[in-house]
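Structures given as structure tokens follow.
There are two complexes below, and they share subunit A, which is joined by subunit B in the first and by subunit C in the second.
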Partner chain A sequence: MATINGTSLDFRLLDRLSEGHSAVHRLDPRAKVLATLFFIVSVVSFGKYEVSALFPFFLYPAAMIAFADLPALFLARKTALVLPFAVVIGIFNPLLDSRILLHVGPLAISGGWISCASIIVRAALTVSAAFILVSVTGFPAICAALERLGMPRTFAVQLLFLYRYIFVLIEEGKRVSLARELRTFGGRGPGMKHFGSLVGHLLLRTWERAERIHRAMLARGFTGEFHPRRPCRFGVRETLFLLGWSALFLLFRLENIPRFLGTYVTGVLG
Partner chain B sequence: MSHHIVEVKGLRHVYPDGTEALRGVSFRITHGESVAIIGANGAGKSTLLLHLNGCLVPTEGAVRVGDFPVTRSTLPEIRRTVGMVFQDPDDQLFLPTVREDVSFGPLNLGLPPDEVERRVEDALERVGAAHLADRPPYHLSGGEKRRVAIATVLSMEPSILVLDEPTSGLDPHARRRLMGLLGEFHHTKIFTSHDLDMVLDLCERTIVLHEGMVKADGPTRDIFLDDRLLADCRLERPLSMQGCPICGMKG
Partner chain C sequence: MNSVTKIIFVLLIPGMGLGERGFAVHMADALLSPTVGGAMWTVSAGAIAYCSAKVRSEPDERKVPLMGVLGAFLFAAQMINFTIPATGSSGHLGGGLLLAILLGPHAAFLTIASVLVVQALFFADGGLLALGCNIFNMGFVTAFIVYPFFYKRILGANPSQGRMSLAIMLSAVAGLQLGPFCVVLQTYLSGISELPFSTFLLLMQPIHLAIGIVEGFVTLAVVSFVHRARPEILEGAPRVRPIGNHPLRGVLISFLVAALLTGGILSRFASENPDGLEWAIAGVTGKEELSGPSRGIYGALAAFQEKTAFLPDYAFRKTPEAAVRSEGDAGTSDVRFGTSVAGVVGSLLTLGIACLVPFLLRKRHRET
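Let's look at the complex of A and B:
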């Protein structure tokens, strides 16, 4: 069961990962943002019954985890937490689409099951790519990169504040829920009845705190501009990184590698 | 050095809900003074501080910092002159590492990278937090957070330092250390506090706020000897000026 405490620790761990010093961490954030974007577009652009061609794409998360020295289990757990949402989206496909597309021995598999599986695999790929992007780049740097790539500054700052205030909200939520827990003695208390008021208070307190934080930022001359942690320079390494991965994604997208390998192997053996 | 002067004239502030927090406050603080603003809860201390760097706009009256009145157009200049340390360091520290948090102000001032670097090292050195530079702020202890919060403001090299309750929530050792640190600054210092012993140690002048008005303004020692005034304002003598509870003798 995910607790508020656990969530906040996870967020912070993700934040800390971005302070690493691997070669991937040192790349200009723009290269990583664009590579991730290209990855996601390639993955989602497949037809809805495609499953096998998606598997080569797992190379990207695996390679990034290896090169950037990220905790694979932690990221896998985080990704797994999001997958139920994908399942909810895909779960009705088998009911709506019962056309048989595939026979595995005596088992007939309908198009619905295949598209459902496709949705889940895609979700796993895109969500893990996003987590990896955050953990090798850091959220503030991503926002800065997006801005330098042409996103309006207002959106970049909004995103940053969203990220900053998630922590504030979690902190406040933690205290409120602890105070409630201590006075309900393990029971469920009055349940929903007081829940509305609790959430309302939480909102107001977070609001006030957000205002204080904003004041403290203004007091230090904040003008709506964030300065990146690392000086960015889009050099040879960035170009190689971006071109290399993009070319690979393009290959994976245009050529069904598992099928190709399958035909090749059966061809050689046969 | 007129830019170290803070002048408040007939300051009134009414919050949108109708609460009148300040009801005509006036004083003038000159260069190098160390001034405490004390008063009961709800006396208007924090509201007053928020006017000093333009976070709040007066309903009536005016605030002048150095040569500038505090208005919307002078805010950048004002905020460069007045460094404000807020009560809760968690409100002030929000970047992933201490170093980034301390460089936030100087970067906003548009300083070149090597100057920013120098100021960050300098500020962290002064508060004795150089070893914390690469730690994330939320992993620090209360005392460390407070010192880092002060560093985030020192790095902007303000001429006037404003602190809201600097010693609240600190253990005795951290409090002593912070007091030592504050004593070393030769800026104009203004702080609010309920820690009257610290006020006695650090401030030669004290302003007593009561229900949004200045009830007394004078040398700290004189104010703490006036028991009637203190009682009226829901205050009391600092512990070091009270009788010893063990031997029963007057201090």
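Let's look at the complex of A and C:
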């Protein structure tokens, strides 16, 4: 029960973040969607033994969190919760790739550990980028941006319908789940026997809801278009935002900043 | 390989449940190369465009809200767990096959794709680049391979209760074998994970055989309930069957060609030069490398670095040959140590700056 509540609560919290009023929130969603895509492609385009060169990319999530007033700990916790899958696959690399690629003093580090670390860093970067995109833009605005970037209208309407009813139906799923749990004395017997009729009833209620929605749509003259809360305008700010970040990602991608900094600093000290 | 396989089994089995929410294991950005990710994005975007046009041309406009609400229903249904007999672990409905049975392939594909978009954004299941892969592995496979070639074939023209049960069971198993097979293939082609193709396959397929059987039972339970309560829902679905007699094969082939083409074009970026982006830049600018101080920030920084570099031969990543060579040469070990310290210092410094400076700037910005 705790996990169900946790999941839907997290979902809501993440959704609420998009109601912020920072300068980043006010940008046209297209700029943010494109910047995020450019960020992710830059990150994953590195070779598999690259770790240090990925570090500069943490600037983007950190800057977005700082300037959009996002709760850093909440996002960090959410990101950490998603990492295990990448870690589960990545942890095999040290077992399978034991060529020594690097020496740190007396310590010899195999290629497997480096590529495993690379997978974890990649996962942290790409996952946090997705969460940040949704928390500074909001789902409806992302849909509007994608539609303006060429996504078919039918799919945009589908995404918006889905988004509208997720919260309603998650509540319904929670009620059903709670009711069954109370009747089975704390989960003794949530077997498959009653699962079919339980979910089947939920499905039928959903089906009837869709029929009611359709009649309501007809009554209100729905023409297949949702109207976003914020008007879209790709102006100077958006151009600067997109070009600035893209240039920075390109620089991070082509130039190993930690190497540059490291040689510079240790050189000065030595 | 035997001992490694054993260790992998021990590690993987408790881990399998973690990456799962919904249908099957999601492909993740961290394991994906831009080539594979881009190719799968192209295919999935094409399929979305094709299905959108198909659904729009359908006369039954009740489907519009139905698809949306059924997508939301999947989220709700996945909150209801059940205990899998004899194992004690709990499972839930995946739902891809259920949607295909209720909605037909085109509408089901769009609904599954939309669910995956929400999962990628709100739960970061997979990721945004991997979204193309996930839509293909779960949506395309279910709606355009499993539904027409397994479900419809087995069901036949005059379905009995037994035939329907068989069709659902086999389709669920087929879907959960093909989807994970695609995950293995995409992971292997990306080359980020070291898992050998056959080992990974041997791990994924048996686990998903079990998951597929459970999915089959659950889907069967829900479908037979609906069949008893409101049979017209199920009878309506195949009637609006928008699948023609032959065009499906054409669609499948054209998607395959599109995937191979994009993969081929993108892999040129990846294979001819280890750094794909640099190759792309060389292609755009006509030069091997961006050079000269006239080229903005990059040029200026590069020139600055050349002037200030104290250890110009620094190499964080050594080729195995180079590592072996330097192993024998004791004289170079100091240099190596020095460069490693430089590497570690530089990395930590960059990480610190990248994570902290925005917050400091923000704080100052707020105070003033």
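In this section, the second predicted complex is superposed on the first by the 219 of 270 C-alpha atoms of A that agree within 3 Å, B and C clash if a C-alpha of one lies under 4 Å from a C-alpha of the other, contacts with A are read in each partner's own complex, and residues count from 1 in each chain.
Please note the rule applied: a contact is a pair of C-beta atoms (placed from the backbone, for glycine too) under 8 Å apart; a residue touches a chain by one contact, two chains touch by 3 or more.
Worth saying up front: this structure is predicted, and the values here are computed from it rather than measured.
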After superposition on the shared chain, which partner residues are touched by A:15: those of subunit B (first), subunit C (second), both, or neither?
both
In the overlaid three-chain picture, which partner chain does A:56 touch, first (subunit B) or second (subunit C), both, or neither?
second
Which of the two, subunit B or subunit C, is in touch with more residues of subunit A?
C
Tell me the contact category for A:221 with respect to subunit B and subunit C: first, second, both or neither.
first
Check the residue A:138 against both partner chains and state whether it touches subunit B (first), subunit C (second), both, or neither.
first
On the A-aligned overlay, A:209 touches which partner chain: subunit B = first, subunit C = second, or both, or neither?
both
Could you say whether A:99 touches subunit B, subunit C, both of them, or neither, answering first, second, both or neither?
second
Once the structures are superposed on A, label A:164 by its partner contacts, choosing first (subunit B), second (subunit C), both or neither.
both
Both subunit B and subunit C touch subunit A; at which residues?
15, 164, 209, 213, 217
State the interface residues of subunit B toward subunit A in the complex, per the touch definition above.
50, 53, 55, 76, 79-80, 82-84, 86, 88, 90-92, 94-97, 100, 103-105, 107-109, 113, 134, 136, 138, 152-153, 156
Per the touch rule, the subunit A residues reaching subunit B in their complex are 12, 15-16, 18-19, 138, 140, 164, 167, 171, 209, 212-213, 215-223, 225, 227, 229, 231
